[in-house]
Amino acid sequence: MKTLLRRAAFALPLLALSASAFAEDAAAPKLDSGDTAWMLTSTALVLLMTIPGLALFYAGMVRKKNILATMMQSFAITALVTVIWMIAGYSLAFTNGNAYIGDLSRFFLNGFGANWDKPFILGAGLKDLEQVQTVPESVFMMFQMTFAIITPALIAGAFADRMKFSALLVFITLWSLLVYSPVAHWVWAPTGWLNAGVFGLPGAADFAGGTVVHINAGIAGLVCAFVLGKRVGYGTDNMAPFNVSLAVIGASLLWVGWFGFNAGSAVAANGRAGMAMTVTQIATAAAALSWTFAEWAAKGKPSVLGAISGAVAGLVAITPASGFVLPGPALIIGIVAGVVCFWSATSLKHMMGYDDSLDAFGVHGVGGIIGALLTGVFAFGPFTATKDAPLGTNIGGLAQFESQVVAVLATLIWSGVLTFIILKIVDAVVGLRVTEEEEREGLDVVLHGERIG
Amino acid sequence: MKLIMAIIKPFKLDDVREALTPLGVQGLTVSEVKGFGRQKGQTEIYRGAEYHVNFLPKVKIEVVVGADLADAVVEAIMKSAHTGKIGDGKIFVIDIERAVRIRTAETDAAAL
Amino acid sequence: MKTLLRRAAFALPLLALSASAFAEDAAAPKLDSGDTAWMLTSTALVLLMTIPGLALFYAGMVRKKNILATMMQSFAITALVTVIWMIAGYSLAFTNGNAYIGDLSRFFLNGFGANWDKPFILGAGLKDLEQVQTVPESVFMMFQMTFAIITPALIAGAFADRMKFSALLVFITLWSLLVYSPVAHWVWAPTGWLNAGVFGLPGAADFAGGTVVHINAGIAGLVCAFVLGKRVGYGTDNMAPFNVSLAVIGASLLWVGWFGFNAGSAVAANGRAGMAMTVTQIATAAAALSWTFAEWAAKGKPSVLGAISGAVAGLVAITPASGFVLPGPALIIGIVAGVVCFWSATSLKHMMGYDDSLDAFGVHGVGGIIGALLTGVFAFGPFTATKDAPLGTNIGGLAQFESQVVAVLATLIWSGVLTFIILKIVDAVVGLRVTEEEEREGLDVVLHGERIG
Amino acid sequence: MKTLLRRAAFALPLLALSASAFAEDAAAPKLDSGDTAWMLTSTALVLLMTIPGLALFYAGMVRKKNILATMMQSFAITALVTVIWMIAGYSLAFTNGNAYIGDLSRFFLNGFGANWDKPFILGAGLKDLEQVQTVPESVFMMFQMTFAIITPALIAGAFADRMKFSALLVFITLWSLLVYSPVAHWVWAPTGWLNAGVFGLPGAADFAGGTVVHINAGIAGLVCAFVLGKRVGYGTDNMAPFNVSLAVIGASLLWVGWFGFNAGSAVAANGRAGMAMTVTQIATAAAALSWTFAEWAAKGKPSVLGAISGAVAGLVAITPASGFVLPGPALIIGIVAGVVCFWSATSLKHMMGYDDSLDAFGVHGVGGIIGALLTGVFAFGPFTATKDAPLGTNIGGLAQFESQVVAVLATLIWSGVLTFIILKIVDAVVGLRVTEEEEREGLDVVLHGERIG
Amino acid sequence: MKLIMAIIKPFKLDDVREALTPLGVQGLTVSEVKGFGRQKGQTEIYRGAEYHVNFLPKVKIEVVVGADLADAVVEAIMKSAHTGKIGDGKIFVIDIERAVRIRTAETDAAAL
Amino acid sequence: MKLIMAIIKPFKLDDVREALTPLGVQGLTVSEVKGFGRQKGQTEIYRGAEYHVNFLPKVKIEVVVGADLADAVVEAIMKSAHTGKIGDGKIFVIDIERAVRIRTAETDAAAL
């Protein structure tokens, strides 16, 4: 029996409403203004995460001479992926296609005019797999676009301070189409193979993007760190962040915006969204505290950069679990994520000898893996009950955990290998890195002809 | 004329300025500098990267006075900038050949 | 036949809902909690655009000595216009009055207590022109207030670095009452002459403020730049922005907040709002990219200031069109806006020899004109279908384009002339400009007794 | 007769909806997606107020060496109070318990799994006092959590620049449990003694936290200022803010976020929320202007710090009144708050000789008192009409004013005394203050090992 | 060789640099400093705390030239930095014993 | 005693400091300065306004040492600050008449 947790994630909002507000007329799907309001808001919140959230978080950790270039990475990726997503990315990710990739029926958002005021049906035409939503397709597409934007923007943390801007644009274009869209399809499209489950396992559970977003970006970042090599002066020059206060603002906006990311992934304004927001808050706070105390114990002082890094680690780890777990487990997930990511960002990195400038892998990769696996451990039955999988039968126990492992490995391998190949191609065509002298001078003035006063 | 260049702790700047006014010093110039010396800085840690901060924030005062006033100025700075703790700083005295006030083209003593 | 696109904009949300949720009882208008939720949110988002969005965008482009004064302009205008709007501005703009100006029946928001929990009817009492909304008047008034705030705040970009604070307060007070409220009435009140259409043309289509907000502010800025004259040191001193990173944060918040501006202008959480958000995102991204590539080609480097300026140009240009066009045209509008505004901000300004410090005209005036005209070209039928103008008959083709030209010209002339007169009066009464020495010292310390450390 | 204004505040949204959308079936409470959407949004907005809003507002007023430590206070309090609230704070505040404190039936959010998709009933089981809501308990708990977070974070303004971080953590933990939760229970729980009214007076009216949040934090701040003593160099050293532009961003985000705080306190997206947003905007703008003009008259220049301080004073003062008053009174409340808080922050403080670094008492304490008292004066009948207290009988006139005085005094006394005791305990156990030398060096590097470049 | 150290108004920096180039000055070094003198600063007020700003932003130019060029340089700075208003600043001349160019190890006149 | 004033490339600061320690130099003072010279800066463009950046970021080191040590210090700076590319900077040597340590009132050699 195929039990798809994620499918439940989408299907449930409507079911819940059918059972209450629209009980008298469940047959004809309708737009719900409240759900639509929340999804419009969530879309704005997730965009806020990338610009200015992530732009500030990352810019606050670099040296003065690279602050503008670092912000430019987030900003340019936002613009670029918007257009890519509109042209082909959305279509490849969310149309039916086959188990591995969608088709091009939504090329250039073809067909949006005809359905602009109708509820969106994900997987339309798939018998038994249709997920009828209470929001129009434009809203669903926009919400998913903001995920497609932030994922490659996260990778930039790994190669900050040294990648050419032209190389960045080419790399992101290819990565978005060849890595992000396929993985999103696997996990979130009704036809996706991870969503469907393999080896007789239940489908992978990824509520808001533990695999699709964080592991995906984290491992890509790790590969970038290895391929690009260390920053000039790494280990000898003082690379202290110029202005951690920017990073604090950024992390705060990430926290606030993540409510849209996680609670928005309920695709409705209901009890599940409320619970997703609750567990997000708890895990984030717990991780901020656990990183802080771990650092206090290990290094003697609780740094501000540590507290905000812990918060982000908690946000990452709760992401895949946020629609599936209760507050107690959220507390545990947060505590674990804070401590483990502290270790990965401060020790693992040095042990392995790569220079992941802003810990894209240490926080997003490792935090994402923690969250994806613990989702399998802690998922709470009632959230995922569906018609097909009534309460009590739907959580797979060991089987669910194994399914999570499969999804994590699949993402690590696909993203890791493809990222490597894309980087090699980009290096050959436009070159990945600025010269040593340019790197010393700073990317702001070298790449963009600007300077912070 | 002498240029007296003093490197002091930043929070002593107002005290020093107030100590100099009674001596007839009418102007001085101040820069923010970083000092390396016997006083040791704090260690900063950013996600596991440790930086020992060798350079501490100091303030450099440059004041040009007539040769006759130089000793009194040095004395006044010494007293007003003194805390007795390591890192209090130094005073150097350098000879100046010529001074001009841009506004009036007055020179030397009259320029100060 | 009078075909009012904008009227459709307001009327449609309710119609759409009537057709679905309230089908059984379309007669008695009701508040809709989902629409109200979205409009409350949109109001917050549009306020966010001015403070801190625009405050940061502008402050990030000035020299260090004027950063606080520049922020103060946005902040003080927010406070001042709030009170003006409450006292008389709202009433003059949105009550029936005549074709050119409203009346004072909402003086000091008179009557709000009585209707606090009732759906608002714009144009109440006008046979066939009533626009019944699903939100209370307080929410409609607040949403519109945020537009009344940001419009004069945009002008400030033209006279940054040199206007006296006292002059600013007087100028804004007069401008808000004599320019903003009338133009808003013309275009958005059911009785307004541009809304009704003239010379047998259909009514002008301005979904979220291409004429009312951007052209209006842009031309006023141009007049300010001419009347106040150039900054001291213009062309010789280095006037490089002190901290472009502030401008990046500001532009990002403008982008996010603009979702409230455009999608909020649907006055409902429905398919039209979703589509407005979609086209806003696409046009903005396209313009950011097209400005970036134009600058890269022309100047050799893609600057961060260019990318964010392009994004703002795209936001401006899509504004009048956002409820009327599909994704494809949005892409075109964005590309055109990015390239043309790049040209107007970098070449036209120098050719014409005015010092529009932060390009209020170059971006908002020019971008607004592009958007207003292209709205006439690209408007998509089904969005504007109404009972009176069923699908297929409602888009005027050439006639609609001509109507847009009329609206653009009317705004340019009224705003241009009135701005000139107001400036001359203010100059005579309190003086417009600080002294040269004060300008050199910087407005922060001269006007406000403060300084950034 | 007990007339509970606050009870009305909660009860009304549902009643309003019953009367319209759900008229046919008022018996079974239902979730409303629009109300839930707005409350999810409001929760995000109130979190935004603390991080990064308050963090920036406060950090922008300190010297360079304390900027990160000041931000860390807001950030760490956010994380800490989240966990405290989840473990016990929420339960103590909002379960029935007795008149003075709740019980532990929601310890560790016990029971949330069972009710995740049901409408929340505040005071469940209390005959005649049940407040049925249209949102799930998770959403109500989260919204209230953000209030529990910002309240102690406000206190930090009083002891900025000198408290040990370890002392802060212990102090906040105790204060949250021993001061915040009880006072919230008194005023907002259906069983609370101030909510119920004493001495035959009607219940106290505090729509969004004049007593619970602002007076509570303000008086605690005053006690902190006295107990910790003045900053080293107070009165002699230049303590000018390093970067007021941060404070402008912070105040702007406070303003925007406060829409969630006040309009969100309607716990619904309805006419009352709209009116709360309206009066919030008007009072804030009026206070920003009145502080500005008072300062301009008294000191010769209108400072940016003054304008934003005035705005915050207006926000504070309108908070208790926001669901009860009309626009006209809001204008008055704003004007009064701006002038009086200007006086308290610039004169009273010096007369009394305490060093409340960032005017936690001068703005929040004094502003809160103004608002709480004027709420009694200006409350508008129809907003508070309930079944039990129909229109016209429900506003107590003098009695309501007296009730407000009681609530203010109760809060001042409880919070003042308990804060003093907690501080003395913390001082004995871990020590409250850093050494003089550490204070000179700056908290950033001393406490957190970091520095702004 | 002489070190000419001039403290000037910040907005005059470009004028001064342009006045020196024709004299054959090929390099100079500039610092942001704060000056205390006859020129009085503004008062800043932050919520009732008043600070009289004694120190005003100035720019310090340091340029080393051959002894023969010193007078011309002083003259050029005087002219180009002059506004005639209080606070125009000072020029000091100090003797230099030795100069080295790091890149080439050239010394003295050749190093400048 | 001599004041050795060196203008170098910022990223060479740590190298220079490490080269001086073995010579017995116990303290020095550093300022951020901007240098104008043969090395040319980048052009910055802000919405069509082009600014050629004539001034490049440099670091100024000031270290006072006994006259005997001066040559060795100059030598050490020259080596450690050298990249061979244009803009490496200059070293100037100035005579100092007097030095005082504020903390102890020690003077001259003992003060360094």
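So that you can tell them apart, the chains are marked A, B, C, D, E and F in the order they are listed, and the count of residues begins at 1 in each.
Keep in mind that, in the parts below, a residue touches a chain if its C-beta (ideal position, glycine included) is under 8 Å from a C-beta of that chain, and two chains touch if they have at least 3 such contacts.
Worth saying up front: this structure is predicted, and the values here are computed from it rather than measured.
**Student:** For chain A and chain C, what is the smallest step count along a path of chains that touch one another?
**Tutor:** 1
**Student:** Supply the minimal count of touching-chain steps required to go from chain C to chain F.
**Tutor:** The distance in steps between these two chains is 1.
**Student:** For the homomeric pair chain C and chain D, should the interface be classed as same or different, according to whether the shared residue numbers exceed half of all numbers used?
**Tutor:** Copies use mostly different positions to touch.
**Student:** With respect to inter-chain C-beta contacts, which pair, C-E or A-B, contains the greater number?
**Tutor:** Output for the comparison: A-B.
**Student:** Round to the nearest whole Å and give the separation of the Cα centres of chain E and chain F.
**Tutor:** 18
**Student:** So the centre of each chain is just the mean of its C-alpha atoms; given that, what is the distance between chain B and chain C in Å?
**Tutor:** Here the centre of chain C sits 54 Å away from the centre of chain B.
**Student:** Can you check how far apart chain B and chain D are, centre to centre, with Cα atoms defining each centre and the answer in Å?
**Tutor:** Roughly 48 Å, centre to centre.
**Student:** Show the residues in chain F shared as contacts by 2 or more other chains, in ascending order.
**Tutor:** 31, 44-46, 94-95
**Student:** Which residue numbers or ranges of chain D touch two or more of the other chains?
**Tutor:** Residue numbers touching two or more other chains: 32-35, 37-38, 41, 238, 240-241, 249, 269, 299, 301, 303, 305, 449-451.
**Student:** Which pairs of chains touch one another in this structure?
**Tutor:** A-B, A-C, A-D, A-F, B-D, B-E, B-F, C-D, C-E, C-F, D-E, E-F
**Student:** Can you check the complex and tell me which residues of chain D touch chain B?
**Tutor:** 233, 236-238, 440-441, 445-446, 449-451
**Student:** Looking at the complex, which residues from chain E come into contact with chain F?
**Tutor:** On the chain E side, the touching residues are 3, 17, 26-31, 64, 94-103, 105, 111-112.
**Student:** Give the list of chain F residues in touch with chain A in this complex.
**Tutor:** Residues in contact with chain A: 11, 14, 42-46, 53.
**Student:** What residues on chain C touch chain A, complex-wise?
**Tutor:** Touch list, chain C to chain A: 16-17, 20-21, 32-35, 37-38, 41, 45, 63-64, 134, 240-245, 248-249, 251-253, 255-256, 259-260, 263, 268-275, 277-278, 281-282, 284-286, 288-289, 292, 299-305, 307-308, 311, 326-328, 331, 380, 382-383.
**Student:** Over in the complex, which chain F residues touch chain C? Could you list them?
**Tutor:** Residue list for chain F touching chain C: 44-49, 51.
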